[in-house]
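See the structures that follow.
Shared between the two complexes below is chain A, which has chain B as its partner in the first and chain C in the second.
Here is the complex of A and B:
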């Protein structure tokens, strides 16, 4: 038995090697680089000082947090209802809807941006169709604006949120609803007092994933707005690839702060969940 | 009219008859058990009584009122589910108070009634515990308190003890019966455990194939089964055909029915009365069941089970010939041929 367990441990070596090589090493290198002077110099905190004193980078954080929060919030609210609606479908239909949702949740990046340009861009199918019908989209909506970008973000957040929330509804036992009904609770009261609090940790966890997903989104935003829209991943991309000149150390500092923002959001979510669901403490 | 009256109730699921023209009557303060094998329709009957499932046909009356089309929350019915269905995010007190809050009872009264229930079910000190912090038996008692606190007209128990250990189950059976008597609560218990039904019920309804095949007090059901199904389900009855009975007891005069039942514990080693029937057979198998020793005797190619109290330390050996006596009164003719 001991020999078998030792053999099992040996099989995990490739896994830990991959984690070390492709997660830990880059992470440590990024943190190290963020404290390194440009051109491979000594220890410095000047990149952080520059980020906090430069309104341009602060605006990038503000924009990233805002679009991520907004798209995650809209995504989660819609997905809470959508995932529940799917659970009410017949079993065979549920499986089909989930396959489609899975496909759309993987439709992101440049192909997604292209699809939106084809449909809702300046000469997009729906824009031209609306013009034929006498409606000018351009008056109220442009794909290459803040609202257009938010729409694209919501689009790739929504299926992911549905995929993550759908299994959570299995945790709601039918007999809880029946017991609540026999005790005089309306469906609304049941969801308010029992259903939603039980789902809450999962909803909060999903929100955190959506928020992180949006914070790190690069390709869709870049393909849609180029570097016109000031977001942290686009700024990091520009500093690393060196559109003008490469500053990977400053890019690393931005990436470290991006990671800290995500960690902070996770901690706040965790704390809020435990405040509400005291039984989990 | 009885306190709970069910008339001509039928229910079909996917073309299969789950309940067929079923009639049932329960008096106020009675504990009635629906006993039957899995799939006999007892849980469906309970759900129809609660309003969680609608019948296809038939009427349900509670306290003289027709509640057939009344919603579950307006039926004034309490129910304890097999899984207890406690709300995991609420404490013991909050679980018990839930129904009172939904019925907009004042906070002072809620506090009083919750405390009263906690004392009744013996959970003092566990008020602030969450369900996952409780044992199965404690969870069951919370579920019972939650159903009783709203003072329902009828309490429904859907196999509430089936998930518990034998010892805890026996303790809770007693406790359940004591509380039910104390509150004079009209109660319907669903179970497939014959011993449990015998231990707690005022009356037992035995179900099979969506029908009630026999009902009566535990004593009546056990000693006077009317069909082979009841005889086999309720105990370890020996069910013999008329031909088999004639073979082992040729001198016994009996009514002209197809089958007869004899309880294994009615066989004795001594003749107590002149009319006792004498039977002889070879021991084919001996099983020690704690306080009882079960012999399987071969009486002229008819296998017969005999239970004797485990008084002697030495068991009789396989192959030994044994002579036993049984009273003609204990040879029960099974009049019902259906089910």
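Here is the complex of A and C:
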């Protein structure tokens, strides 16, 4: 039995107070607020009813899920190959490449949106280039459309995906490849039958992190068109900070639903990972 | 002739995709005029000169620096000793801490902003303080992991036992033995924390808005008015992040090197 340690109390009380004040209390207050009538009335589920009956908010959820799913999918497919390429470099170069990849992950939010404006905005580099070549994609593509925003989302998914997938390849040993080759398997067959199934749980886990990452992203879309994109985080921001009408209770309900979506994504990931692992063993 | 393989090709594509925007922004910040030609018409440093002479930029930079720096220091002072005593004296509590770390990591800034506004707005407390409080919690995953790794690497538990056997008090042992040993690890986590806060936009924009203009908000304001100045801001920000990353790499190497030679 440990004796009473005063240090434990002195150090953990401010720590848990901080977590209570700035994490737990606000989250509980938000959940409570989502069930409150506007202006601080009694219990109601009208905000949730409004969200589920209003096509505008349903559309925001659909858009958010779609862009998050798409950007996570493209990010992960490219990163699976790119991370493998990195593992084949000499050791010192590997570290350097990872540092540089990590550095570009600072390029997020407002600076990222701006860099894409320089490249693809109305007088962006590539838009000018295309004009000189006589191609006019003015109508079919603009940065301020959904496809433009998807490009921006893919950008911030890539470094994260590479950083998370890279360590997975440690699990695949060189001897396996040699053994498979000796037994007559082609490289394709090796990856299809052995490599990929070993990586799969990690890939699924990374995918759900990328998905959650994009679902909660706010700054890039906000920087490109203010509140014009109909995405859940943008709607929440507009409802609580009140550009025109602040409706914090409705914003709270949207935030609770977004939180549930994220929790759902993480649970599905947990379940899938476990299911895949069981299949393997 | 070797065929270009799919992995190499996607690696090259990823690098190209990641660096094109950076390169274009750097070029744009140095370009005199760049509206109709593919390459800029001339090179100039006037956008940087203009930016660094703008008191609004200097103030915004100062605010970002101050807010990120002070919050990181407070976070280190609160979180590191707490994680230390939990790992050494109450390992059972670690499960709870890990759960809280997961929670902070899983809740995006937008959701935090809603809760914080509901709880604290209109109480007379400046929202900058509330934002800083939310930043403290936001840094929890990084500082927890950093502290934990450093403590496990130096075998803090047995060191503390040895120090106490030799008659040192908990605090003495912590300050004289643990702190110097985890210093470089904590320094790396602090740099990382600082860079995360320096780039934060969601919370400060929703909670405080224009009343406390940080560098990110200044950049947002400049997006519409001057592209060249905006790219000079972006480049400045990116250079700062590169310096911090360089320091992180240097200090991580050093702490690894020390571990190899006991």
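Keep in mind that, in the parts below, the second predicted complex is superposed on the first by the 255 of 281 C-alpha atoms of A that agree within 3 Å, B and C clash if a C-alpha of one lies under 4 Å from a C-alpha of the other, contacts with A are read in each partner's own complex, and residues count from 1 in each chain.
Convention: a contact is a pair of C-beta atoms (placed from the backbone, for glycine too) under 8 Å apart; a residue touches a chain by one contact, two chains touch by 3 or more.
What you see is a predicted model; the values in this text were computed from it and never measured.
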Which superposed partner A:198 touches (first chain B, second chain C, both, neither): first
Partner chain in contact with A:241 - chain B first, chain C second, else both or neither: second
Partner chain(s) touched by A:116 [first = chain B, second = chain C, both, neither]: second
Partner chain(s) touched by A:264 [first = chain B, second = chain C, both, neither]: neither
Partner chain(s) touched by A:180 [first = chain B, second = chain C, both, neither]: first
Winner by number of chain A residues touched, once chain B and chain C are compared: C
First (chain B), second (chain C), both or neither touched by A:41: neither
Partner chain in contact with A:167 - chain B first, chain C second, else both or neither: neither
First (chain B), second (chain C), both or neither touched by A:15: second
On chain A, the residue positions that both chain B and chain C contact, one per complex: none
Residues of chain B touching chain A in the complex: 50-52, 72-73, 75, 77-79, 81, 83, 85, 87-91, 98-99, 102-103, 130, 132, 146-147, 150
Complex contact set, residues of chain A against chain C: 2, 5-8, 11-12, 14-15, 18-19, 21-23, 25-30, 33, 78-79, 81-82, 84-86, 88, 99, 101-104, 106-119, 123, 125, 128-129, 132, 154-155, 158-159, 162, 212, 215-219, 222-223, 233, 236-237, 240-241, 248, 251-252, 255, 258-259, 262-263, 266
For the chain A and chain B complex, residues of the former touching the latter: 173, 175-176, 178-186, 189, 193-194, 197-198, 277, 279
In the complex with chain A, residue positions of chain C that touch it: 5-11, 13-14, 17-22, 24-25, 28, 35-38, 78-79, 81-82, 84-86, 89-90, 93, 100, 103-104, 106-120, 130, 133-134, 136-137, 140, 170-171, 174, 195, 199, 201-202, 205-206, 209, 216, 219-220, 223, 227, 230-231, 234, 237-238, 241-242, 245, 249
